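What follows is a set of structures to go through.
Next come two complexes, and both contain chain A; in the first it sits with chain B, in the second with chain C.
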Partner chain A sequence: MALSPAHTTSRSGAGVVALSLALAAFLLAFLLVPVGTVVLTAFSNAQGGFTLAHFAAFAEISLMRESFGNSLYVAGTTVLCATLLAVPLAYITARFQFRGALLIQTLGVLPLIMPAFVGAAAMQLLFGRSGSVNLLLGEAFGVSLPLMDGLAGVIFVETLHYFPFILLNLAASLASIEPAMEEAAQNLGSSGLRLFVRVVFPLALPGYIAGASLVFIKVFDDLGTPLVLNVTNMLAPQAYLRVTSIGLEDPIGYVICVILVLFSIAAMGGAWWFVQRRDFAIQSRGGVSAPKRRLTPAQSLLAYGWIVAVMLLVLSPHLGILLLSLSKVWSFTVLPEQFTLAHYATVFEDASTMVWNTFLYCGLAALLDVVLGTAIAYVVMRTQLPGRRLLDHMVTVALAMPGLVLGIGYLRTFRGVELPFIGPLTASWLIFVIAYAVRRLPYALRACMAALAQIHPSLEEAAHNLGASRWRTIRRVVVPLMSGGILAGFVTSFVTAAGEISETILLTSRESLAPMSYGIYLYMQSIAGRGPGAALGVIAVLLIGVGTWLSHRVVAAHAPHDLKGAPP
Partner chain B sequence: MDLARLTLTAALALPGFAIADTVTVLTSFPKELTTAYKKAYEARFPGDKLEILNKNTAAGIAYVREQPPGNRPEVFWASAPDAFEVLASAKLLQKVDGGNAAIPDKVGAYPINDPEGLYKGQALAGYGIMWNTRYMAANKLPLPREWADLAKPVYFSHVAISSPSRSGTTHLTVETILQGEGWSKGWAQLLQIAGNSAAITERSFGVPDGVANGQFGVGLVIDFFGLAAKNSGMPVEFIYPSMTAIVPASIALVAGAKSPEGGKRFIQFTLSDEGQTLLLQKDISRLPVLPATYAKAPAGYPNPFSGSIQAKVHFDSDLSEARYYVVVALFDQLITFRHKELAAATKAIWDADRRLAGRAHAPLEEARKLVFSPPVEDRQIADKALLALFKADKKDETASRQKAKVEEDWASRAKANYARAVELANAAK
Partner chain C sequence: MTPVSLGIENVALRFGATEVLRDINLAVAPGEFFALLGPSGSGKSTLLRLIAGFNRNQSGRVLIAGRDVSGVPPWKRNVGMVFQNYALWPHMTVAQNVAFGLEERRLPAAEIRRRVAEVLELVELAGLEQRRPGQLSGGQQQRVAIARTLAIEPQLLLLDEPLSNLDAKLRLQTRQQLKKLQRRLNITTLFVTHDQEEALTTCDRIAVLDQGVIQQVGTPLQLFDHPLNRFVAQFVGSVNLFAGRFSRDGSGLLFHSQALGEVALPASLTAPDPHGELAFRPHAVRLCAGDTPAAHEQMRLAGVVQSQEFLGEFLRYQVRVGSGLVLVDQSHARGEQPLPVGAPVTLLVPAPEIRFIAA
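On to the complex of A and B.
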């Protein structure tokens, strides 16, 4: 819904220019410069000149080649497995009258509320060599499934965690296919599987590609899960290990970062290009879609069976973490034998600082995000400032930045930077707020832009007519009307930052500064700590779950409001 | 007004807004230990605030190196004596006077404190074998007594070990075996044990954790991991093999720290009666350096001063420090990064052994030699040039690339050897 130029204020006052410059400066300092530093270091030699020697050295080390191959393999296979999980579910929701639709929606959200690395530890106990499943299988059939061995374990955990991206995108895509297309195909005699493969799926491809590329990037860049599962021959863990054990000067670590960034940009760019070229979005966006068919009893059984199976798998990390948090001894048995609440007591006693830290960092970061997001949205959509689109593009760059790269970038760029009152920046709490805010900004910006797009400019014009200055209008009219979107953006930022581990592992310098995610990682490093770590994990999951539910409620509550301001 | 009040409250609640002396302790020790010491120390010295920085030994050394003087953590506290040698030779440690007069100079023949006074022994540790009783029973495995036992075919895929590059304690175990058995025989044993391993874990904790929850049957661990797990109720047992050494876990004051006085206070505390008694806690289970503390220990607690632990190896930490980088690189290239191939080769050799029922067979012997011998021989490891190459500055591009070439050479030779060994072993009938 494009705004006609006549509706935007043509004069951009000094205030707006100053604001835009400040926004650009922030993004420059905390996004472009650190990433640029990392990229430059990969191409610089000891004297500061340009060199490709580090890339050559990288290619010569067989471990690096192997890690590269493994990362590609794991990311690709995860996309494949996630597709296998998600496609039937999406198809069932979109094409059939199905009373279990709520179940599928829940399936789409459950995995995302638990950070992958938290579940990984519990999955070892359920699906590992001597885990519950293999003990039962061993007793019954004498077989053992190497579900958690090496790369397979990483693929397993990541698939269960990320398949909702494909599910949600595909479901939305399927729902918005022009029914006339399908009817035309049916008129020509196509039906069932052939119809799906030849007509429906290709039309839904943009949504699928968007989801699949997102999954690919996230798995390719993931640091936490491989570390917890003891898999180090992948790119992200290698970069982390090299930078921490060999040092911040190690050039190979930077080469890996450049590769991660390139692939992220390529995957995102490729998906965007693909979607642009083959945009089969329908014209009639009024919610009309193909009529849903009824399921035959046999089909119903299959559908429910598949959903229940996927649901059990998806719930296993949650169940595992819960059991682990309550167990005293769980060794070589199907279920823990002695239960205790002592771990929760330990956590409340020792880890309250960490919980507070999470609230502090994520809260401040989310606040920063919505302020920046609102500001950028306003500049881009309501002013005629030349070059304002650049702000939008800069923020999009943040979407493609792996947390690992940004973390290393901060450590290198701000090494030695000291602030008054706070001390060294990279060893302070402030760096967390900045790091979380920068990487969550794209989500917040999207929410703010969507919210602002729903507000008709005539409301602002009315305020101007009544004598309000621009800033007064923003404060009293625009922001309150945007509140739903802002709140949703806030909660999304908060919730995704709470589960963040890649940047956190790199930036945590002291235990007292650690947020919950790092705390969980730290607890999982000792035998007596597995229980409290799981307890902290359960608390984190509850926190994120409540936050997600709140944001859905807020968005739902504000939806009718926006329609009032929409153009006729 | 509201905003101002909010900001003020927020500012006061922010971490770091403290007025006390902050002592930063950089350590690889687990959370139970650091939490116990933090609580006790802050109770004893209310004016001080203890900050814990948890990093594995190698990352800790790199971290200290990278901080500018004046910004470094106060205390470095780790198990591996050679880590302290590395820091001392880089002039990153500061001499601390005092200590506890009741702490003896030696344990067996090994000095507890640094002769130059740069670091002090705070606890003692031996290296041993830990196993999961249920796993052993379920898989009908014999209980091991010595390292050499773990090299036997019966333990294939039941063992777990970490890598010296990630774990100071594993490096010590590896050096203990190499010094005890000799370079070639030691590597043969290590390669066989690694071949028998189901996994090379990312941190040393991965081994006792895996053994405790039943993932692995047997693991090479530092004693307190095994003892702490056992005392926490896990179905595990721990023993010291005879080929072991008791070495001190040390504590040192970092040169160029922000609050050296606070650091000294903490070090004193850890060496005091109270600090030593903390080590006896069930979930910590470390061996104190203060002999008097053992009177408070429960019955059956290992006591290195009473001679109950047989420690055949006289650990030479200078030798260990000199060849640290080479040993670590060798282990990684031959074992850690090639683990799948090594395990496959080991399995092929054990299978062939079983098929031949102990008969000698030239190709099988060749396969054994290919897999279980290191590319660097006895006399080569004493070669100063090789050791210097591995110690060179990372920024030195030529040295870096040369080192990478040497490592690459080892890696590719190992890979080829393992593959060839599989062929030879499978052909042996």
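On to the complex of A and C.
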């Protein structure tokens, strides 16, 4: 064989072309076409022509205008509250020698292992009008805080759930600022809050913006939390209600979907543009992070006080749901009066199918994700196929797609599609697998790409040199070396799919097909169901918690490996 | 502004178990351009940061214009520091970077504009006010960093390896500009560098540091001609050093070392201690082909050429004498052929070029 290594990688065989086309076809069928259908429907009149009439109709309805305003208000205020919560924590971890660092890391993960809508029910019992906190406040001071009323409740729950996104991104950004950047400001006379506002925070802005835009999108698109809290005058619940009560033909639902998508894209694009526009290039040159300072006793008190306060808040939904799952009666009392395990018994009796369904759907979806992710990563990074970047870009679209929009898109696009052995696609288990897989594919793809980037091409060239074909090299060298990243991608996909609610409530056509998340939602609708719902919630949290812990272990175990060469 | 003095008295600093600075004493005169010279890890940057207030001295005093500033935080010292990597804030323009310290001092806007324009003029960067640091060359970034520091009219100017991020040619040019600027502003300046040439060419006086201890303080000439110890002799310029023992017989001073064997030293020399090191610079040695007798007041060594390197202006020979190697630099004349490897040679060192260093 007289082929140079460069030649081997540039040759795109028929196999690579076929694989790429298959990947593109999948993304087209289950991402672009459904979303395109939703957008098209929003702009089409009865004859199929272009119209803006539906948007005009949307603007005419006062409830829609109100919902639009409310969604913006809730998302914006949540970002603000989450910022207030996260900024001090991020600063403390990044700049001070501090024994509570592990506490803060835990704080960063704890909320994320409990789906927001699960926590919402427990929060009502703890912070609602007749919840524990207000009962105590009422007894002691005769006051009551409207923490869980209407939009405020949504903001409260979402803030506690999503602030880690800002915390983690900002802390990483702060840690990457060169110490001299701050010292130069101190040298020129700046200190304290002014130093933070004028130099430190602006330098950490890329991380903050990344976190904040993510929080905005997640809250703006969220369906589960408002529904559980019975707040319907927001965009996502309105779209859901229109589509489920008036029907798939109602154009207003599609108009809302288009608005959700536009805002998601705008928030993501805006964040990207903002970071691009500013020149942060010379910032992280050295790779040394700032020496951590010691806290003075007063600062320690303040820091620990803040952390304990946030910790209590963050743990409250977890504690609440646990108490609820174990309580016989809990109403108008600070704590439950009697405890029981009956709810768990009920759940195991009635809802074991749902638990099984969750494992089936999420397991298959995660498997699909890592297979697609590995294949796309390979095509994009290791072949010279023209247009291969397009696959990457198509997957990125999924990042900006609210679950609600994809769910509605599936219902509309695949109406009446019958598959052999499976029956109607939209009323089958398969639709869950595909829906879960598509929305989590961007994360799985990132994990696979990061893993592949760690493998030096010479390791593959050595296999070619010893006579292994492209496919055998992939199977015997590439995939084994990527296994850590692939496993991490699998667990992440599984865990996030297990807590998914937006797509789930749209796609659940009958109870026997429902996964756990739907079960929790359904139980929580009735007072009698709250106990079993909470029990199911505890099981979900345990599942997600163990999964998250596993993925951290995997990532840690597979971090920079001796066998892997430096990236090219 | 009249320049101020800087005094360091008995300063020590340890990070955990490691002593980074030990019993540092320095007196820098007002307006002096003073270098802290040493290898990496010698504590020179730590000392500079201590003067700026980023490290706290655990004992001793730091006196600026006679006032102890030991407890004063960095932002209240009015000591300007130029960082090694410049530390220009990428989210601000050149003008905003330079105005920063003035804004922190709550100066009126008109005054800030005037001063920013003035210092940018001084470093020849007028017209680049609206650029961002990322759009500037390395040399321009360095001058912005200097302008930003000068804008606050600091009592002291601290330069932390300011030339290390520039390429060789620019470094030479910037070095001269820096010296000119310092003379013009007449500001007491401390310059940290690991490059002896930089220190020798730019500074009035130099403190050589090693392992957290000041080895010697002096003018460039003093350090080069009268090194107090082995470290200074080796760090400032190149040197031949041989450890051994001195004795006196009827005819004069003898030096016994393992490397060179027994060598007769010029009669005028007297050794301060019976044990010590013999030191002489490579350029002070005269190399003669074959066997040449010593003239009056010369030390004579006989050896064989082991290797030679042609460096353009001069030839550097390694000559084997006994079991030791002696470096010899001979200036090169056009057309002259270097002596071949293996050639027997005589080395002659005049008495004034020979120094004794205490063991």
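Here is the rule we go by: the second predicted complex is superposed on the first by the 546 of 568 C-alpha atoms of A that agree within 3 Å, B and C clash if a C-alpha of one lies under 4 Å from a C-alpha of the other, contacts with A are read in each partner's own complex, and residues count from 1 in each chain.
Definition applied: a contact is a pair of C-beta atoms (placed from the backbone, for glycine too) under 8 Å apart; a residue touches a chain by one contact, two chains touch by 3 or more.
What you see is a predicted model, and the numbers here were worked out from it, not measured in a lab.
Looking at the superposed arrangement, the partner reaching more residues of chain A, out of chain B and chain C, is B. Contact with chain B, but none with chain C, is seen for A:L360 once the two complexes are overlaid on the shared chain. Touch criterion met: A:M181 reaches chain C, while chain B stays clear of it.
Shared-chain residue A:R294: touches no atom of chain B or chain C. Of the two partner chains placed by superposition, only chain B is touched by A:G423; chain C is not.
Contacts of A:R99 after superposition on the shared chain: neither chain B nor chain C is touched. Of the two partner chains, chain C is the only one that A:P202 touches; chain B does not reach it.
In the three-chain superposition model, chain A touches chain B and chain C at no common residue. Per the touch definition, chain A reaches chain B in the complex via residues 45-46, 53, 57, 60-63, 66, 124-125, 128-131, 150, 227, 230-233, 237, 241, 244-250, 328-333, 338, 350, 353, 356-357, 360, 415-416, 422-424, 427-429, 509-513, 522-523, 525-530. Only residues 52-54, 73-81, 83-85, 87-91, 100-101, 104-105, 132-135, 148-149, 152 of chain C touch chain A when the two sit together in their complex. Contact residues of chain A toward chain C in the complex are 178, 180-181, 183-191, 194-195, 198-199, 202-203, 205, 278-283, 285-286.
By the touch criterion stated above, chain B contacts chain A in their complex at residues 13-16, 24, 30-32, 34-35, 51-56, 58-59, 62-63, 65-66, 68, 71, 132, 134-135, 138, 165-166, 198-199, 201-203, 205-206, 208-209, 212-216, 225, 228-229, 232-236, 283, 337, 340, 394-395, 397, 400-401, 404-405, 407-408, 411-412, 415.
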